[in-house]
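In the two assemblies presented below, subunit A is common to both, partnered first by subunit B and then by subunit C.
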Partner chain A sequence: MAEISAVSGTAARQVRPDPTGQIVPPVLLVVLATATLLPIGALLVRAFLGKDGAFVGLDNFLRYGAEPGLVIAAWNSLSLSMIATVIAMALAFPFAYALVRTAMPGRGIFRLIALLPLLAPSLLPAFGLVYLFGNQGWLKGWLLGESLYGPVGIILASVFYAFPHAVLILSAGLSAGDQRHYEAARALRAGPWRRFVTVTLPSCRYAAISAASIAFILVFTDFGIPSVVGGSTNVLATDIYKLVIGRFDFEMGAVVGVLLLLPAIVAYAIDWLARKSQRAMITGKSVPIRAERLPLRDLVLFLFATLVAIAILGIIGMAIFGSLVKFWPYNLSLGLQNYERLFSDADEFRALGNSLILAFGTALAGTGLVALSGWLIARKLGNGMIRNGLQGVAMMPVAVPGLVLGLGYVFFFNNPANPLHALQGSLALIILCTVAHFYTVPHLMVVNELLRLDREIDLAAQALRIGPAGTARRIHGSVLLPTLIDVAGYFFVNAMTTVSALIFLFTAQTRPASIAVINLVEGSRIGQASAFAVVIMVLSMVAACIQLTLRHLVIRAQGWRRQTP
Partner chain B sequence: MAGLATAFSVVSEPVTSRVAAIAAPYLSIVGLTKRFGSAVVVSDVNLDVPRGELLCILGPSGCGKTTLLRLIAGFEAADSGSIRQAGSEISALPPEARDFGIVFQSYALFPNRSAARNIGFGLETLPLSRTERAARIRELLALVGLEGHADKYPSQLSGGQQQRVALARALALSPGLLLLDEPLSALDANVRASLRDELRQVQRRIGITSIMVTHDQQEALSIADRVVVMNAGRIEQIGTPAELYQCPANLFVARFLGEVNALPVTSISGNIVQAGGHVFRLGGSQAPCGSAGYLCFRPSAVRIGMEAAGGAVGTRGRVSSVAFLGDRLRLEIQPEIQNGGPLVAEIPFPRFGNPPGLGDHVTVSVEPDQLFLLDDHG
Partner chain C sequence: MLKPILAATIAAFSQFLPWAAEAQQRTLTVYSSLDEDQAKALIKGFEAKHPQVKVNAILGSTAPIIARVIAEAASPQADIIMGNAVSALMAADARGLLLPYKPAHFDKVAPVMRDNRAEPVWVGIDAWASSLCFNTVEAAKKNIPAPKTWADLTNPIYKGHITMPSPLSSGTALLAVNGWLTIFGEKGGWEFMDKLHENVSKYGHSGSAPCRQAGSGETIIGISYATPGVKAINEGAPIQIILPSEGLGWEIEAAALVKGARNLADAKAMADWISSREAAEISAKYLPITAYDDIQVLPKNYPADEKSKLLKMDFAKLASSREAVMAEWQKRYGVKVPPKN
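Up next is the complex of A and B:
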């Protein structure tokens, strides 16, 4: 007892100050601003400059308006994206409802199948569609004489591309209801249909708005799909590429960039508001939803989900099948020649290597940066103004289409006056751009996970004279580890499959596989392009499997997560 | 190094300063003020805490009591005023440079560490050998009665056990001051009472100066050496539990420490007071001060009967509500005079005969020495 009753003589103790909160936030702010804010700023400025760099006001925009072809592209982009969004939502809502609100069998499998397209480049479904409905496709007749190449193809492939994202958001929104609302409705004698209309629909309307906004943005800014099945239908995403790469008209490219950026920002603003309202509806005391068993409804939805699953598997399966066929459509015998060429051709093989370096580099750098920025914000370290700046810069990329970000990088880093000019054309710059492009979602994953940890834990550590860095090492790191594995997986898969931001940045030496797929399409080598897309998908699947396994092992090894007393 | 070593040894001070430290309070707060924007959360607080005392800061939520505690800990910076601990000014120091241990309402245990490693957290930066550290942790576990739970994680411990771990962790570095921020509020009523007594025992045994924030007046009255009642950022009264209960400084303190009948005074002449339409005769001790606005008495001071009791002036009334409290009855009585507000009485459950029932006519009287006169604010 003697030691415990020891009285310390002096109130003040010498401590080594922990400067983490002072040094890290400003440094990180500079890094992230360089990766996001400054390039986008460079693009915005460029839209108002002439070829000679002088300010020309709205001249570029007027020049854009004077070219009828370009204006039509803007209209195409808007109208096709809206149609695709409506169709994707019409399919995703009942699908998500079936997944989380019914007792339909096979929900786990259906969920996996719905999320499968997330692991493939957006081009893969386009290839599947080409084999099914293209000029020499098996089911060409189903299009009633319409050509796949054009609005039909863009809409079909875009629906396919946006569907899993919409399902994810909707099923999250639908599973976040409160069971007591249903019990109250039953006590008031409301039947199943009335309960659906008066409880379910209102409770998920924000999730629906959010899902529609995200679907619209994905489709509106996607480059891969219109470049494969767009035919002669111009959209903004392909125009910006043609203007910059084909005509070297950087100023006009910047104008199209602004046109891509504005609707994206509006849609994300809507999404942000919707999410805020959705959060406000769910209190910590909500009772989780228990799925109800209604045999007829469940059967209908099961049949519907089966059809959707067949379509998804059919389109992906067709892409895989096409990649294995000797010579479509004349020689349908199967072989690996398309794959062999990928590994024998030095350029293609290098592209695969580049993609792996890009994916690993992005996963590594991105996870590190996101862990830092999320930690600083969730644990409220350093100056409040700098923290707000960090949060702003971290939230920005989600509203910026990849094409816009990539073009911004060209403007910003190509400038000889920029001390970072040396990065131009390097794989490091491509990695930085990819990290920036996908920054927001993982950043929020880290913030949300760390926010679940009581703030007073840090104060308790501080009272025991352990500073932020020490607490991060001893406590936060261990709590965050499973989330960081997910974050790394997210960065890896997105870096493997992304096209849009990189289309302006690659060189012959740094070209990644996803771009090589586009180049193969441009060379009309669909078989090889499909093979490459399949390889990318398989690598993504492997990465996802490793991610899930690792996460499972870590959680099992962390005995403290078990609740049993 | 010298600074770290103080955790386990009594630092020898010059004799003069030690004498001074005994005479002077261990913690001395002068003119402490904290604003959030335009709101003054802690307003000109003066407070002395002698060494070894357990002081409770009591007040309704939002009264600034937790902010006061966080100012003492250094989690908030004061706008003005001084805090001296053991003779040195600490108000400008960061928390990690101050000498205190803290226990939070939420326990704030490290979820990824066992009870033992939670307790040992603060010891990790000290130059201790493994065996020394393990011995110290064992000692602390024994202090809070958790010997068998060293290797359990927080999620495997009950709320009471978690709070004991938090207490041991706060004491690990042998701090000079223990801060407790609503440490019992998250616990069930039964656990709360037993942990409250245990907390008091541990505090007495090691003689650590302690400040506990709570909104529960019973908790404060039952374990504190002295209680500080706060309201709207200001200290309303400081005193021992008995002083506060028997001689509240104003109506706020009286009401916060327990239910009270407060009748607005209409006239005083000599020791006869008219209040709320009733007439009362004061005992000798309550010197009526001119501005006294309310005549007050606790529900337990009320006598119910068929006749007015001895010294007090009785008033007749009708029982308008009855609540059974086990060994007592709580009655609300509507006086049979015009404009008289209801009176609350708590009486022992009668052993013989029938207790008063709803609608019964009774007489109400109060012992003269149980009456006190109070102002609205102090």
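Up next is the complex of A and C:
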């Protein structure tokens, strides 16, 4: 009797429209569209408008196509991004694998070192590379006579920049799987290599595709690297800077913005196909992965990870060293003179405070939104159209250069006709912009994590008359908690170092430390700029340590993760 | 040490929401591309005279500041631009974003340092000129002599040792290019740049970077302007600032009101202050050429003869040919990277 009523109750539930699936997706879509799609659209629509605001069709595209050098810039952008992506993936995959699938010693330290490039304002590695491989560099000979300034510098710095993003996505993808697959493979007498090729690789295919597309797009749209170590090598991302900032030609800038979106659309299509073919990796009967002990493999990977770590620490360490010397490279006596100003100037101090508030706000708001959007996508809740819209909106920001996003925010929000106009000039708007700017990677982290859960778990929850919200709280929430901690950390450290989107949005009161660093560079105070960048990195490192500790504690507290069959 | 932290924290929190900001004091929003110390000193001078006004300053490079003003046209956020290249101000003026105003001391400002149209839009603060930064240590290692003229730079001995900004992203580069076009004429100027191109190792984006690169030995000669070189020398860089004998391209940094300014009366008061001799005396501590001809102060390590080497330049013509010069440059040098050295 009780059984029957339970079944009929489930049936009734399925007929009744589910409020979570009906209300949350559209509301979230509106919020995210306001933060990303509408501002970006407000700028990109200018690609089709004349200076007077009249519709001119493809005139601007033709005008841009006639610019000399476009083909070269496009070719440089494509080929250099491709090379950097391949190298970054080749380094990130074994590194991530070593982090989550082996018993290699020092995994926590290695994870922190892999994240370092995320924690430092991009200026720091750029200086580090110059000090190491520039014309006065200590290791100049390693480039075999090639100049740092040009393709070599762009590739080196891009790999450094994309590496932690790839490691994050890959290690999230690799960190869970089903131990039973490995037991089965072992029973079938598959050796370690065979198990790796037939079980591990297919299970992280989706994460690998995500990581590669993200790395490619990040490098493709980045302006900072080619502008510091690119020499005279033109790429599309620097073109947009020349057009918007140098020539005040927003229309042509918008054209380049549209062109930069193209590879992202391709990446989105690939991602969509991969998602369609993704099968659940964790089922109701899943057994969590236990890292296998293979001494030889672990030793090889340990040596590899050590080399990568030395490279990262070398580049960052050189930059820190540069901030401590009197005058590079002619007076290498050490001193703290570059740090003194920062701790005596109220404006610089306020900038640090602003950055911390910005970072906390971004971490809070961003994590909340990402958890929601990732959950809706992965659990296929609500209307399919709205879900595809959400996924599109979430995937878009990564493809948009910060400059385009920031300008879009000005055009969209700094308009008396916009009801949100009052936000102009507030820290809240800067937080929204920063959440939008860094939305894609955390969104993918959450989606990847949840996609590995089996639908069976949802059905069981349904049978137990727990609605989607309850399932989320009881099951998804606890599966997701470590990832959400990573997501918050990711938002935090990116907010500490972001520059390009904010150069049009900060005000005297809300100027963050990352902008203060740029101001110092513009004022030719390189030593102080490096010192400030180091301070930012140290604050981010503190945040990252808190993140790793929390993650560790949560995983330890969640007994089901180490359940044995 | 705790005090600034506390003050900064409170200030930052009060700004979290726009409507939480205190409204007791009147505020004035100033955009500036002047040297940071100079801008702060000028603002301090203004606030001392107008204690009821709190100045909120946004500092940035020449082009991004003007780009921001243009982007904000729908609802201007700035009240006054206190110091930006006149050529860049003209780009904003051409879009109708600046408000003509004749500041109180306008007539006392040196005629060349002010907008002499019937309805003046800008009043000059200071001027800067193109110059070379030359690293003596690296040059000695390679046995390279110091150049004395612009023409010297085409000597093959300098091949691969010169950096300069691209005029497509830097006002400083445009200054140099306009200087060469003035010195050598239209045809001769481009011929000079063709030869210079053979020797340039890279075109960057920042106007001050070439001097910094010379200062740290990344290049031997940087085509830039004097101020970053002076700072590098003061920090201990082994460089020499060279002002080529043919003359220097130069430009004025000026102040202008923003049309639609919310605090117009205070913005006008700021323009009045900027045009005063007192303000010029403050600026003279940072750059030798100011709005008042007779103020003669030379900042430490600043080259003495900059003023006498300034070229006679037709600013109106240069403003109108800005786009064409950029397009020609892009056609000639933007397409192919400089030859390998």
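Remarks
Rule of thumb we're sticking to: the second predicted complex is superposed on the first by the 319 of 565 C-alpha atoms of A that agree within 3 Å, B and C clash if a C-alpha of one lies under 4 Å from a C-alpha of the other, contacts with A are read in each partner's own complex, and residues count from 1 in each chain.
We adopt the following convention: a contact is a pair of C-beta atoms (placed from the backbone, for glycine too) under 8 Å apart; a residue touches a chain by one contact, two chains touch by 3 or more.
Just so you know, these numbers come straight off a predicted model, no measurement behind them.
With both structures placed on the common chain, the touch criterion links A:Tyr330 to subunit C but leaves subunit B unconnected. In the superposition on chain A, contact of A:Ala463 is made with subunit B only, not with subunit C. Using the contact criterion defined above for the overlaid structures, shared-chain residue A:Leu427 touches subunit C, although it does not reach subunit B.
Within the superposed three-chain model, A:Gly353 lies in touch with subunit C and out of touch with subunit B [touch as defined at top]. Counting residues of subunit A touched by each partner, subunit B versus subunit C, the larger count belongs to C.
In the superposition on chain A, A:Gly523 makes contact with subunit C only, while subunit B stays out of contact range. Note for the complex: subunit C touches subunit A at residues 1, 4-5, 7-9, 11-13, 15-19, 21, 29, 35-37, 56-61, 63-64, 66-68, 70-72, 74-75, 77, 91, 137, 166, 168-170, 200-206, 208, 211-212, 216-219, 227-228, 231-232, 235-238, 323, 326, 330-331, 334-338.
In the complex of the two chains, the subunit B residues touching subunit A come out as 2-4, 6-13, 73, 75, 84-88, 90, 93-102, 104, 106, 108-114, 121-122, 124-125, 136, 139-140, 143, 153-158, 166, 169-177, 205-207. Note for the complex: subunit A touches subunit C at residues 67-69, 72, 130, 134-136, 147, 149-150, 227, 231-234, 238, 241-242, 244-248, 250, 326-331, 343-346, 349-350, 352-354, 357, 407, 410-411, 414-416, 421-428, 503-504, 506-511, 519, 521-527.
Residues of subunit A that touch subunit B in their complex: 1, 3-15, 17-18, 453-454, 456-457, 459-467, 470, 474-475, 478-479, 558-565.
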